[in-house]
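I have placed the structure first, in the form of structure tokens, so that the comments after it can refer back to it.
Think of it as A, B and C in the order they're written, each chain with its own count starting at 1.
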Amino acid sequence: MIEVDGVTKAYGSGKTRFLALDNVTVTIRKNEFFTLLGPSGCGKTTLLRVIAGFVDPTSGTVTMDGADLLKLPPYARPVNTVFQSYALFPHLTVRQNIAFGLEMLGKPRAEITQTVDEMMALVQMTKMADRQTGQISGGQQQRVALARALAPKPKVLLLDEPLSALDFKLRKDMQIELKRLQTETGITFIFVTHDQEEALTMSDRIAVMSAGAIRQIGSPRDIYDHPAERFVADFIGDTNFLPAEILSEADGVVQVRLGSGAEIAARPVEGAGRGAVTLAVRPEHATLGPEAGALLPGTLRNIVYFGTDTHYHVALDGGDSFVVRAQNQPDRASAVAEGDRVGITFPPGVGQVLRD
Amino acid sequence: MASSSGFDVRRQFGFTTIALACFVMLYLPVVLLVVYSFNAGTSVAIWEGFSLRWYRSAWENVQVQEATVRSLVLAFWASLISTSVAVMAALATTRTRPFKGYSAIFAMINQPLMVPEIVTAVALLIVFAAVKVWTGYTGLGYLVLAHSAFCIPFAYLPIRARLQGMDLSLEQAASDLYARPWQVFRRITLPQLWPGILAGAMLAFVISLDDVVITEFVKSAGQDTLPTYMLGQLRRVVTPEVNAISTVLLAISVTMVIAFFFVSRMRK
Amino acid sequence: MADLARTRERRELRTRWLLLTPALIILFIAASGPLLITLIYSFLTPGDYGGVQWKFSTDAWFNVVFQRDIFDDTLGFADAHLSIFWRSVKLSLMTTVGAVILGFPTAYFIATRPANRRDFWMLLIMIPFWTNLLIRTFAVMELIRNEGTINTVLMALGIIDEPIQMLFTEFAIMVGMLYVYLPLMVLPLYASMERLDFSLVEAGYDLYATRLAVLRRIILPLVKPGLIAGSILVFVPSLGAYVTPRVMGGGKQLMLGNLIELQFGQGRNWPLGAALSITLLAIVMVALIFYVKSAGKEEVGHG
């Protein structure tokens, strides 16, 4: 278990002072696949490097199973890193790269050979053992980097955007592969990425970061279905933002009034204000229908065909715009046309009130 | 057939001609110098047939022999010393965050590149003349010291370039994999730094081998190197023997430079 | 916590200085330190047979800067100084201009070769640069001396009857310096031309510019940093040249470097030599500071 408590990292001073990490507190559980998700510059990599020991925080503590990690230099921490650039030693072979950490730990030769063989089998690189790292493909380098970091059997594996250099197809395969390795080895993975899809498919829990702070922590489904604030809702997936007014709150459900005057139940969020709020509704959670009896009436402005689905851009009567996403059926053209009067409906409880 | 104006945006009138003339100009005198070193006659302008007589006479000239040995010994020590200290200095100035006094240190290391050689030469003459009187020592040490100093930037710059081009995450990866600082240096940094060190040492060697001005002012009596010996010879009647010595020196330098060119291009 | 970071920083600082010490000691003994002593010597009185007497005096500096016309016996001497100063600056400027005229097209030529050939052409520039300066000067000397290749060929062809006196003239010094320092112009010029985006040149032609206009209005402004760097790199060593004027000028046409040497040889006026050499250093430093300033400004401008 890693506990990060109140960690701040400041660069510069005075006017140019910049907080790469701003009072970050998070607990990462044993054996979980934990993802730090956020746009570039949000501090996710800095947090990873604080845990690895390459960055000394300005204040705060980091402990692992109760022991202070910050006192230890990188080479004494029981964590290993898979670097974004892989950082494979170019003058060593695949086998020598994987053996490096074990040699540094002073393991007996026989044990090193055995572990390295196991690791190469685990990442399916046995045939490439004596290649130079410059002679293997990007995907293979990625697997060697993984095997090298796993070989010393660290308690925690840190992965710094390890898939970003791979092409689309390979990335998909590696996502499944990584998840399999994590389940098989039982090692805690802390994974840094800016790719929301990667985060959603692999993680047990996700921490969404922005401007050096953690915005929301939760399971992928939590984060997607119930974003706590506008940044999270906007960063992950597409979202419609609607002005709304909270009328009442009871038993974890709030009743809101939309701009059109219609009223519907929505999910509340801790820390949201009273009265005027913003409601988030995912495009695929809403449906397009006739104007009569709909929650939000408006005029259809645009129909954009995407293959798997179609996006309907609606100009609401109040002046806002709204996108509805509907799955396509084979050979069935859209029943509506641009310029038609339409109505938008979504079920109670789907809308999420946001903290601003 | 399609018509075409034949317009090349990269062309400028006369540039190619001047450039090619420039290359001819750069090489013609040296080529002639080499050619006449094989002249059978005593002239450096009138060709009288092929002969190796001037190489033989240079080879048998005791002064040339001594100067050659002295030049090589000096270049060896100067490149060894300057490269060793340059490696350390390069590590101290690239592997750490920028620090106070960095630009002063950088200026000091590169001083021999900025200060005219004659100024350094005169300054060394002043100091070493006094030291020679105090200590009575007149050996090769002064030249070794002077050469080591002005070779430092030549060794330092390629090594520093190599270090800067090196992926810092490799060293971090090593320390992440439990290597202590010294192990990181031995196992990761040094093996990758070798081409830079080699390049730096070769440059230093060539620079030391070619130096005239500082050597001329620092040397004690009877401590001629090949270049100062040649400078002394120019006062007399010039025979192709000087061409022969030049050709040999040129061959060493050119070999070193081409080797340097390929070493500094070695895979990172 | 903060202590931890500070301890680590302190240890890092100590390692850094330990690593720097050997280089700095050598440089202090055989480069920086002697310069300081030279400065001190320039304020002393010359000894009778070279060396100095430890007596404070500003005579040396007076001799460098002013023309003494009160004392008849030193009048000619000061004139010689000024003419040597003037010759040094004049020949260095001419060398720089010559290097631009030859080096600019050459660098442009290399930069417009296919990418995989440029290294080869640059190697051709690098080889002379790293080969012995004395030998290269010597090669030019053999070409232009009275019994040299040019005169021999011209006489054999019957174009001239008597050899043209080229060696031991200012022209010879300039040609020699141009020859040995030309690569220093090509290197930085090439570096900035290689980065030149030729779509800008195409845009120029697209907007009705002639070749000359493209050269003047587009290429030249874009490679100005390289041009300045090259000019300084040629001017500075030309000003302090010693070997080339000695070989090509034959002791008849002195430049600053030779004048300085003279004070330590026949002149036996070490303080004057020291003062002259500090003067040379000061001029060079001004040129270098000018270069650093303009280079810094360019970077910001493009930034």
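The criterion applied here is as follows: a residue touches a chain if its C-beta (ideal position, glycine included) is under 8 Å from a C-beta of that chain, and two chains touch if they have at least 3 such contacts.
Everything numeric in this text was worked out from a predicted model, so none of it was measured.
Colleague: Greatest Cα-centroid separation from chain B: which chain?
Modeller: The most remote chain is A.
Colleague: Looking at chain pairs B-C and A-B, which one is connected by more C-beta pairs in contact?
Modeller: Looking at B-C and A-B side by side, B-C shows more C-beta contacts.
Colleague: Quick check on this structure: which chain has its C-alpha centroid closest to the centroid of all protein C-alpha atoms?
Modeller: B
Colleague: What is the distance in Å between the mean C-alpha positions of chain A and chain C?
Modeller: Once rounded, the distance between the two centres reads 59 Å.
Colleague: Any idea how many Å lie between the Cα centroids of chain B and chain C?
Modeller: 17
Colleague: For chain A and chain B, let me know how many angstrom lie between their CA-based centres, rounded off.
Modeller: Chain centroid spacing, chain A to chain B, equals 55 Å.
Colleague: In chain B, which residues are in touch with two or more of the other chains?
Modeller: Where chain B is concerned, no single residue meets two or more other chains.
Colleague: Name, in rising order, each residue of chain B that touches chain A in their complex.
Modeller: My answer: residues 167, 169-170, 172-180, 183, 187-188, 191-192, 267-268.
Colleague: Using the touch definition up top, name the residues of chain C that touch chain B in the complex.
Modeller: Those in contact with chain B are residues 12-13, 15-17, 19-20, 22-24, 26-35, 37-38, 41, 51, 101-103, 105-106, 108-110, 112, 123-128, 130-136, 138-143, 147-149, 151-152, 179, 182-183, 198, 201-202, 205, 211, 215, 236-237, 239-240, 242-243, 246-247, 256-257, 260-261, 264, 270, 273-274, 277-278, 280-281, 284-285, 288.
Colleague: Please give the residue numbers of chain B that touch chain C in the complex, ascending.
Modeller: 7, 9-16, 18-23, 25-30, 32-33, 36, 43-46, 81-82, 84-86, 88-89, 91-93, 96, 99, 105, 108-109, 111-112, 114-127, 129, 145-146, 148-150, 152, 156, 203, 206, 209-210, 212-213, 217, 227, 230-231, 234, 238, 242-243, 246, 249-250, 253-254, 256-258, 260-261
Colleague: Write out the stretch or stretches of chain A touching chain B in their complex.
Modeller: Counting only chain A, the residues touching chain B are 52-54, 73-77, 79-81, 83-85, 87-91, 100-101, 104-105, 134, 148-149, 152.
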